[in-house]
């Protein structure tokens, strides 16, 4: 469905963030992308969603293809309208000074039609807590409610493929769990999901396939289950690998940069 | 007592016009956090565009033609890139728009010969003039502000400063720098009760400004475009991520702003005359928005009325005591006091802090 | 090193080559006008001056056959530029050659006064009607090299007050309000006028400063209405600026039966175009004959100077004359002003030459002794320069009628003289 081919992205013409990344998203799956801070996860999503210009970044090489046609250089709104690709930014991208209902309305701007009201009801079905807060300013909602609102807003755009950027950031484990179960439910309703996470354990548990990114490259890929079992992943992203290691010579390049969640 | 009522009344009427000026600053500030210093030039430009339509003024071909070409380029650009029309449709539409504008400018609109009633003529010319002002506003945004999207708001502010000088130069080139007589011949609604006297022109100015203000508020708070504008105002990147074309929205904001400024400009010109030098009226918006709060729409209304009353009171009570020219300073003095007490202005946003 | 020497040699050679031919003594004159700048573009000054000077040098006979080398500078309404230009020309040209200089409006500048009267001692024709320099407190003894081309503002306002005194019909003392701009020329002359009005026993009911930046005159006019003013003397504004039109229109609506009056620059063609009907009945004083009614063809043909100016404009600037408001000659008055300077310069230099003293002192003497009718500008009356001003003024009345032309209502009319030319030197104030 979505294919990224040898993508290279530079910020401010000098800072190279993605160094030739290639990956593929198949229809109907939950794809997990894990990686340390600064690995280029967010940049990858921004490039796909067509927002890299806004952050003064440039795609200098490679291509992004959605259902076979290139979406490189298209505007964010165009990509959303034509291909149903919605990007939920990190850090709970809700409009703080609008009420929750207005937030949902604003998100449905690109496809305003008669069904907006019923779609809103649908979102309230998924996230019951939002219904009681509908006339409250989003800025006053709690972190979990804001993240749910953000995903609700993404649903209002009627996405076919949803890019989620660290939805669990700063949330309590219980709420994270609830969130992930909702994400799984969304996937079951037919939305392809690309989930970028640092909370690798929870993510890989709901995911189907996964990629590991380090310094702008894919270093590992495989089935989610396999990744969960992978020793390197366990050590660096799950924090539960075997304590003893025979020799550092065995460690792969990416391992030397120890980064923990 | 009658004196006081008279003073307060005329202060409020002028204040409503100032409120409109404040609104124009506020919506741009909210959308891009930049202060539009070119407001005075937009004011004059809008008034001149209306003047051309209402008084059947025409331009020589060497001034009308470049404007027509500019409109053609702009329209094709917007239709092709922003509205995503086919190239073969966008360009002819652009040519049509350019040709139309050229004809208007070169031959005049011939409104006065078609319609004799000044009120109806006004009602036809006003939307057309405002439309033209809006187009110019969006054109200016496309050329100067859009390339700066996502950059520091300070750079936009500085650009607007330079833009002001540029626009003033353009207006002088096209219409010259002498003054034009301006009379709208709106129905006379002068109120005269004993010593109390309110002239027709300021009353019309107050009414139309308030009406425009109300329409803008309805647009912002009751329509989906308004919702999109408010969302974009809060955060451009978030809005873009949710499928709102922030660049197009920003253009619309500038168009609305230019349109409101044109209303204020027309009303101010109607007090007597129109001249390029009148662009300094735009500077009255500074105390208005700073008193009301840079990002508060209601604040602009209150700030405008406060500034209007303050000027009127200073003019009729303090100036006769020998402080000549105090009227010009009074709003700034008040501004100083307000900023001491409330640094964000009276209605400036209190930032949401989550606990 | 060698290169440097070559450069210096070449430079010196170039200077010699340039300086070589300039051996004969020339007659040089510097003129400055505000042709662009914040008040707008007024190229008419320059056109008039250029046409006038060309005529003087070619057909007019020059200074007894000798040609005048003239310099024209646009000082952009900026006093600093005016002083800088003047200083530059004084440094570049020798005292024997640069015999006269002229300036406009900003003449009352302190550094310029010092330079003209103490250092350079050059006869200076000034366009400002400054009462401070040319009135009783200044005058020839204090500023010996300053000459004005018109009666001072103080005298203009006094003439208006005298006119009120002679024409006041209502009962009681005349009630006069003063409205003036908070600028150097707005404040200049107003105190003299007020003092004179009090001396004649008028009620001075209001003194209002009305700024150039005003967009509404409601407050000012309400004050006048409250004080029941019968006459308003509106001083210090150009008839072309929007604030004039705003004030006139508002005053006519708010204050009943008010007599609007004004000084030289408000008595203009532009005021008719912008103030329109509100200008009807306006009484104003001017130091030049009114020359440009609407339509233009009906200009007063009995005045020789006005006729000459229209002929000149039609001959040398036919396009601009026809274009009028659209980038041509907006007001013939400005064109006449340029011509006036040219003729004045020719007359003065010729007089000096006839005396055999073609020096700065000689020019000053010629100006002091001049008795001239200025090519019939003042209806054949002659004036003398003993107060260092051309002391002539006339009172005019505005007459405006709105006429339907095509699909537009356009103002027609002009201002008509209602008194004879008054020589302010001869009037007992």
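Read from first to last, the chains carry the letters A, B and C; within each, the first residue is number 1.
To be clear about the criterion, contacts are C-beta pairs under 8 Å (C-beta built on N, C-alpha and C of every residue); 3 or more make two chains touch, one makes a residue touch a chain.
Everything numeric here is computed off the predicted structure, so don't read it as measured data.
Taking the mean of all protein C-alpha atoms as the reference point, the chain centroid lying nearest to it belongs to B. With every chain reduced to the mean of its CA atoms, the largest distance from chain B is reached by A.
With centres set at the average Cα position, the gap from chain A to chain B is 42 Å.
Between the CA-based centres of chain B and chain C the separation comes to 38 Å, rounded to the whole angstrom. Distance between chain centres (mean CA atoms), chain A to chain C: 76 Å.
Multi-chain contact residues of chain B (touching two or more other chains): none found.
Every residue of chain B that touches chain C in the complex is listed here, in rising order: 3, 6-7, 10, 14, 55-56, 60, 110, 112-113, 172, 176-181, 183, 190, 195, 197, 199, 202, 268, 271-278, 280-281, 312, 315-316, 319-320, 324-325, 327-328.
Every residue of chain B that touches chain A in the complex is listed here, in rising order: 84, 149-150, 224, 227-228, 230-231, 234-245, 247, 349, 352, 354. Listing the residues of chain A that touch chain B in their complex gives 49, 51, 53-56, 75-78, 80-81, 86-89, 93-98, 102-103, 105-107, 109-112, 137, 139-140, 142, 153-154, 157.
Interface residues of chain C facing chain B in the complex, by the touch rule stated above, are 38-41, 182, 209, 211-213, 215-220, 222-223, 225-226, 240-250, 253-254, 270, 273-276, 325-327, 330, 406-408, 411.
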